[in-house]
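We just call them A, B, C, D, E and F in the order they show up, numbering each chain from 1.
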Amino acid sequence: MTPQIPDLLVEPIVRMALAEDLGRAGDLTSQACVPEAARLSVSWTARRPGVLSGLSCARLALHALAPEARFETLVHDGDPVDPGQILARAEAPARAVLSAERTGLNLAGRLSGIATLTRAYVEAVAGTGAQITDTRKTTPGLRSLEKYAVRCGGGVNHRFGLDDAILIKDNHVAACGGVRPALERARVVAGHLVKVELEVDSLSQLAEALPLSPDVIMLDNFSLSDLREAVAMTAGRVTLEASGGVDLTTVRAIAETGVQVISVGALTHSSPSLDIGLDAV
Amino acid sequence: MTPQIPDLLVEPIVRMALAEDLGRAGDLTSQACVPEAARLSVSWTARRPGVLSGLSCARLALHALAPEARFETLVHDGDPVDPGQILARAEAPARAVLSAERTGLNLAGRLSGIATLTRAYVEAVAGTGAQITDTRKTTPGLRSLEKYAVRCGGGVNHRFGLDDAILIKDNHVAACGGVRPALERARVVAGHLVKVELEVDSLSQLAEALPLSPDVIMLDNFSLSDLREAVAMTAGRVTLEASGGVDLTTVRAIAETGVQVISVGALTHSSPSLDIGLDAV
Amino acid sequence: MTPQIPDLLVEPIVRMALAEDLGRAGDLTSQACVPEAARLSVSWTARRPGVLSGLSCARLALHALAPEARFETLVHDGDPVDPGQILARAEAPARAVLSAERTGLNLAGRLSGIATLTRAYVEAVAGTGAQITDTRKTTPGLRSLEKYAVRCGGGVNHRFGLDDAILIKDNHVAACGGVRPALERARVVAGHLVKVELEVDSLSQLAEALPLSPDVIMLDNFSLSDLREAVAMTAGRVTLEASGGVDLTTVRAIAETGVQVISVGALTHSSPSLDIGLDAV
Amino acid sequence: MTPQIPDLLVEPIVRMALAEDLGRAGDLTSQACVPEAARLSVSWTARRPGVLSGLSCARLALHALAPEARFETLVHDGDPVDPGQILARAEAPARAVLSAERTGLNLAGRLSGIATLTRAYVEAVAGTGAQITDTRKTTPGLRSLEKYAVRCGGGVNHRFGLDDAILIKDNHVAACGGVRPALERARVVAGHLVKVELEVDSLSQLAEALPLSPDVIMLDNFSLSDLREAVAMTAGRVTLEASGGVDLTTVRAIAETGVQVISVGALTHSSPSLDIGLDAV
Amino acid sequence: MTPQIPDLLVEPIVRMALAEDLGRAGDLTSQACVPEAARLSVSWTARRPGVLSGLSCARLALHALAPEARFETLVHDGDPVDPGQILARAEAPARAVLSAERTGLNLAGRLSGIATLTRAYVEAVAGTGAQITDTRKTTPGLRSLEKYAVRCGGGVNHRFGLDDAILIKDNHVAACGGVRPALERARVVAGHLVKVELEVDSLSQLAEALPLSPDVIMLDNFSLSDLREAVAMTAGRVTLEASGGVDLTTVRAIAETGVQVISVGALTHSSPSLDIGLDAV
Amino acid sequence: MTPQIPDLLVEPIVRMALAEDLGRAGDLTSQACVPEAARLSVSWTARRPGVLSGLSCARLALHALAPEARFETLVHDGDPVDPGQILARAEAPARAVLSAERTGLNLAGRLSGIATLTRAYVEAVAGTGAQITDTRKTTPGLRSLEKYAVRCGGGVNHRFGLDDAILIKDNHVAACGGVRPALERARVVAGHLVKVELEVDSLSQLAEALPLSPDVIMLDNFSLSDLREAVAMTAGRVTLEASGGVDLTTVRAIAETGVQVISVGALTHSSPSLDIGLDAV
């Protein structure tokens, strides 16, 4: 199933970004140098290999300035792209194309960068059964889009905020007086449609937690041998998520321990943008 | 002069980010596991070396949830930080601290990452007289903050949007029918307080542009030898900005050609976050 | 654990409501008839029995117009209240008190009405082990507050929106070509922290669904005998939610069939406001 | 004259409600289970008898997600509807239909519920000449729509906020030092296009007020005999509004006393939603 | 009674104006040239004679940038001011004072300009009993403030928008098929708290309208002799408002015809700002 | 090159203004008196001579209420208009035309008033080579539009805010300890695309400033003879801007001193609206 994000969620962000870029006087250069009647045919092209995400941002930015612009999508979000591959084409008033260019590229480049890095992690664990997931370390205001980009890359989403799942960490356990009371109180608040995850730091904490049956246990900064031991101890009764110290050189070994999910903060907080360019035809 | 950004510009972004994270039910975990009356003393600590930027985001996030919280700043934006160095301390209701934690760290981490990468470029060209500048390749909605982070790192800001300087690129020249008409029309629109920059792709374009006296000429993707030749041809009459193909391995050689400014898109589109942690005291 | 909702989520709604009420000229009557220096001591009093929810709305409305107002909370959200019982007291400029009165009462009355009706359902099923839950039939713009009010009444929350749990209904099954493919595709999209619920209309659909192990099965408009049969068939392997045709005369019998959760749309779409009054002391 | 509310006032509310429901990930279930290309033909049907109001909310919600959707209105706001009667039909992408369904129904159901209850009051006083009016006891953020629904039901609107009419109550009189100074100061502030209403609690207050000629006098919680006496005393010189203790069992008798207007808070604060359903064709 | 406008309505406008002025980089000059710790004592001084309005804008602008600033109001809105008269004093961080200066002056100058011009009209008709009123020809986004300034000048407000009174003009009469049906339909829509005004162009239209008893009749562009005739014909049964061709040279004669209200569009659409300055002490 | 402002910047202002005018009940008069199906053909006509600016506001206001309206532009922004000249024509639902009328006229009248006054100044200095520029004395929320109107009148824009150029005034010099340190610090903050302007009060300050080469020097309240002396001393090395005491009777003499730029606050803070009318055809 192709990932999808409704225009209704994307368009306000695109318009805000355009307004931020146009500032108080609009695009001075286009006003000065481009005749109002001039039209331009352009194409968006990948400059580097990667995975596409957020192409609708380029479309929505152009349509925000020129509702009558023609825009043709050639590649779908989630598809791999090669350097030189044309992603989309448009024909529109030249001023609109040039004024909207950077806004569309900033968003599509950032989201494609996230999708590209996610895909690298997903491919690194191919065949192990492990899933790659994200974190809440996203750009303020762009969480919806960045988590969508993770899905485009083949990852699954961790919780979207503080309100759609419970994740009990050390400070919560301390405030609650132990793992057992923390989980019991979480169950009361959670209701029947909210999952409860517990973070543990050691095998002994895991042993304490297992009989209490949280939906997910996060193994934080476990060594590979401890991860293997944790998988053995758990025997499939609870979903295990490995977290901490994950990069492209370590992720395969972590996946091979048998954990079901691996969370990677770098997907959203440290992925370089994918280089996409706009060329006049 | 220490860089500065008014709280008035930062606070709406922090509140938007908090609302994005709290969602529709608030922080379920803290509601479940942390007593309403519990208080917490915490410190923000750098986990990696870098340059601090955006610490006010952590302060404003905490105060948004607990106006009466005590917050003490120990390091100033723009200062270098070492791993383990304590950046700030706070004492506040535990629920507020834990609910605001991620929002503050996401912003401060991102901005400090930008400042850190900028500082690396600034130090790489130390002594050459060249300045490091940014681009419009920023995160939608965060341009004010990210450009501020560049200043924290020791860089100078390129234009903030399409409206505060004119930058004539190839498509504008083509639409205008040449460099001369483009510059003449730009002068008319620009007024007496707006600078005009012209992008050129070759030494021959530079030769055509120099007699027309734009305020700045951007040398796009010039080889080192062409940059040297451009500096010689210009003889200080116009500010020269090198652009394209700049990374930490090439920037010193570029600076040594004698250009006054070097623009680096990666400062904002591809800088990894600086790892900052929150610890209970 | 007392339910809680952060002021950060409530205050924007209160300010919007105040602005809606003040319109373009402010409170004409207070401007005309109340001296600027006059002060007023008031108390909020329940006129009918019920369960309190949303008292912070009255406090935030008053503080929005008079930051220096003194406000004392005497009853906590979630507590039962009797007619004549004083809920809170305040001393503030008279104009602010009178201008903020209706906004605070509208919100607190509505939320307390929801909490009161929820409590009636909760008490009707006392001892059966069944939980009362809400639906997405909430007032546009007030979902956070209305679901909070359900918690104040002792209910648990169903999903907060289309994005924090999957609920497969007949149209989805039809579009997907059957219950099995629908559940399989849901599992792929859901990730490890999102629950999947399936709505069934008959015992035969239930029999088809049970081996596929959704997290929750909604029994839509089942007769009491079918509910009993469903509980027996399920034998605790999946959480069962009864839905449809629930009112205060039927809910006890439904609970006694053994279902774990009963959802009641009327909690939010048809609860009368609780009558709360503001009296000058 | 059919009541009307411009889309410009309704659309922002519909879009806010959609965004509230879609949250940060959009409609997970439709993304998982409904193919992007699938289309759906649906009809909106009344499940109970009532009066329609707010059908444009369903239309605007669908068009917000699918601008190209076809939507056909079959019944007009203000019309009575029977159980099973089809109100509108649409043909659109299935995902858009299913994602927009609840938002449209929540608004149309609530507004139709208000119109239905208003119509019941209007019919209860038929032939007496009394008008039914609303109060400011509306849902925060929805006052425009809810007062429109009252008009759909055949009622007239009381003031829309604190700023479009003056309503002097006991606290204002007390702050002003009497009914006479209160009315005099109100006249000064009011200008020539703002009406002044005075609330009185007794026949003696009415006697004091009549020579001062407010535009309207509100008789608060008067007995039927006092209402009759008030009508006789006033002899048509001032519009009389009865308020307090009004329900469907008492309103006819109140109307027969000869008061011109009867205000009913329950119209907006306690009306149950009208049950409207969406069915695939 | 001193006019008043709640900070709740003013502050969002002040903050929007500050954000507009600070743009994306803040106040570059203050950042460059004013030490962060520097403080400044300043006073606001009238440079020309006039009537003060909107001084709270200066206070709110300063407090938005420096919540701890000390601000002392010396003159009240509605008071006449002389050149050189000190209106307020403040002591605050120098950067905040200088960054907020223009926003506060722009608003206070504009509003005081309106109050000053209004006062000139009010004084020109002194003793005639005529009131000066405004129109809807206000600055978009500032209607609340500009109508408040009219009150500060001693005028009364005409309607605040299209929704708080009915004003039937020639196009409405034409669409309705005559004055009588237009007034009858207006009465149905208006309810008991909305006034109905009718615009007439001639004495014959006035004669047609008088028996229909609108609350107010606007005499549009009547000659002085026709105004006198209109007053005589009306004999006090309906409030008469003169409109059109009103300036400071004609307003006295118009008032002396006996009309009760004179509307002046220039109060808000063409009043020059009052010159107010900020001086360092 | 015709001035231009993108609809993206204008439309939010137009919609905000419409919402301000429609209030909470919409246009009562049109609802009452104009049949829903009635259509109207209208034209916008200049009532006075002037320069057009902001005609798109009328178009966008109409389209906001009636997307299908036909609107034909007959005169372009920046063109001179004569009394009686038709500026645009439209055909649309009558209710939409009448409800949108005032919003469009308020904006177009204000902007055309600014353009008209600017043109008067521009023509007054014709042939001298001096340019007319504006200030930051604009209407809060409308700076983009009002500065656009100045361009329509033939003026050039001064800085748009505190952030796109540096303007060092007396308070900044005092805080910095002199003109030299102020300019040096400004250069550091400014970067290569931001101009630095210095305000001087006397010839001796000018003499001190000239060797420091700011981009622009503002001569504040200089006499004509001092302006002439300043031009002679500067000899073209720096752009000179005259400021203060400029009106239509003095501007020609100021221009003839040889200054390049003359700033006029009255363009935006005190220009009367141009009278434009809407007539049914």
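The rule we apply is simple: a contact is a pair of C-beta atoms (placed from the backbone, for glycine too) under 8 Å apart; a residue touches a chain by one contact, two chains touch by 3 or more.
In this text the structure is predicted, and so the values were computed from the model without any measurement.
Any chain touching chain B that also touches chain E appears here: A, C, D, F.
With angles rounded to a multiple of 5, the C-alpha fit of chain A against chain C returns 180 degrees of rotation.
Both copies, chain A and chain F, contribute mostly unmatched positions to the interface they share, with under half of the numbers common to the two. Contact count check for C-F and D-E (C-beta pairs in contact): higher for D-E. Mean C-alpha position of chain B lies 51 Å from that of chain D. Distance between chain centres (mean CA atoms), chain C to chain D: 22 Å. If you average the CA atoms of chain A and of chain D, the two centres end up 44 Å from each other. Counting partners per residue, chain F has 1, 20, 22-27, 31-32, 99, 143, 157, 160-161, 163-165, 185, 188-190, 194 as the residues that reach two or more other chains.
If each chain is drawn as a node and touching chains are joined, the picture has every node linked to every other.
The touching residues of chain D, when paired with chain E in their complex, are 1, 131, 133, 156-160, 163-165, 185, 188-195, 197, 215-216, 239, 241, 260-261. Partner chain A is touched in their complex by these residues of chain B: 13-14, 16-17, 20-35, 38, 40, 94, 98-99, 102-103, 105-107, 109-110, 113, 136-143, 160-169, 171-176, 182, 185-186, 188-190, 194, 266, 269-270, 272-273, 280. Residue ranges on chain C touching chain B, taken from their complex, read 1-6, 8-9, 143-144, 147-148, 157, 160-161. Of all residues in chain B, those touching chain D in their complex are 20, 23-24.
Those residues of chain C that touch chain E in the complex are listed here as 15, 18-19, 22-27, 31-32, 36, 64-65, 95, 99.
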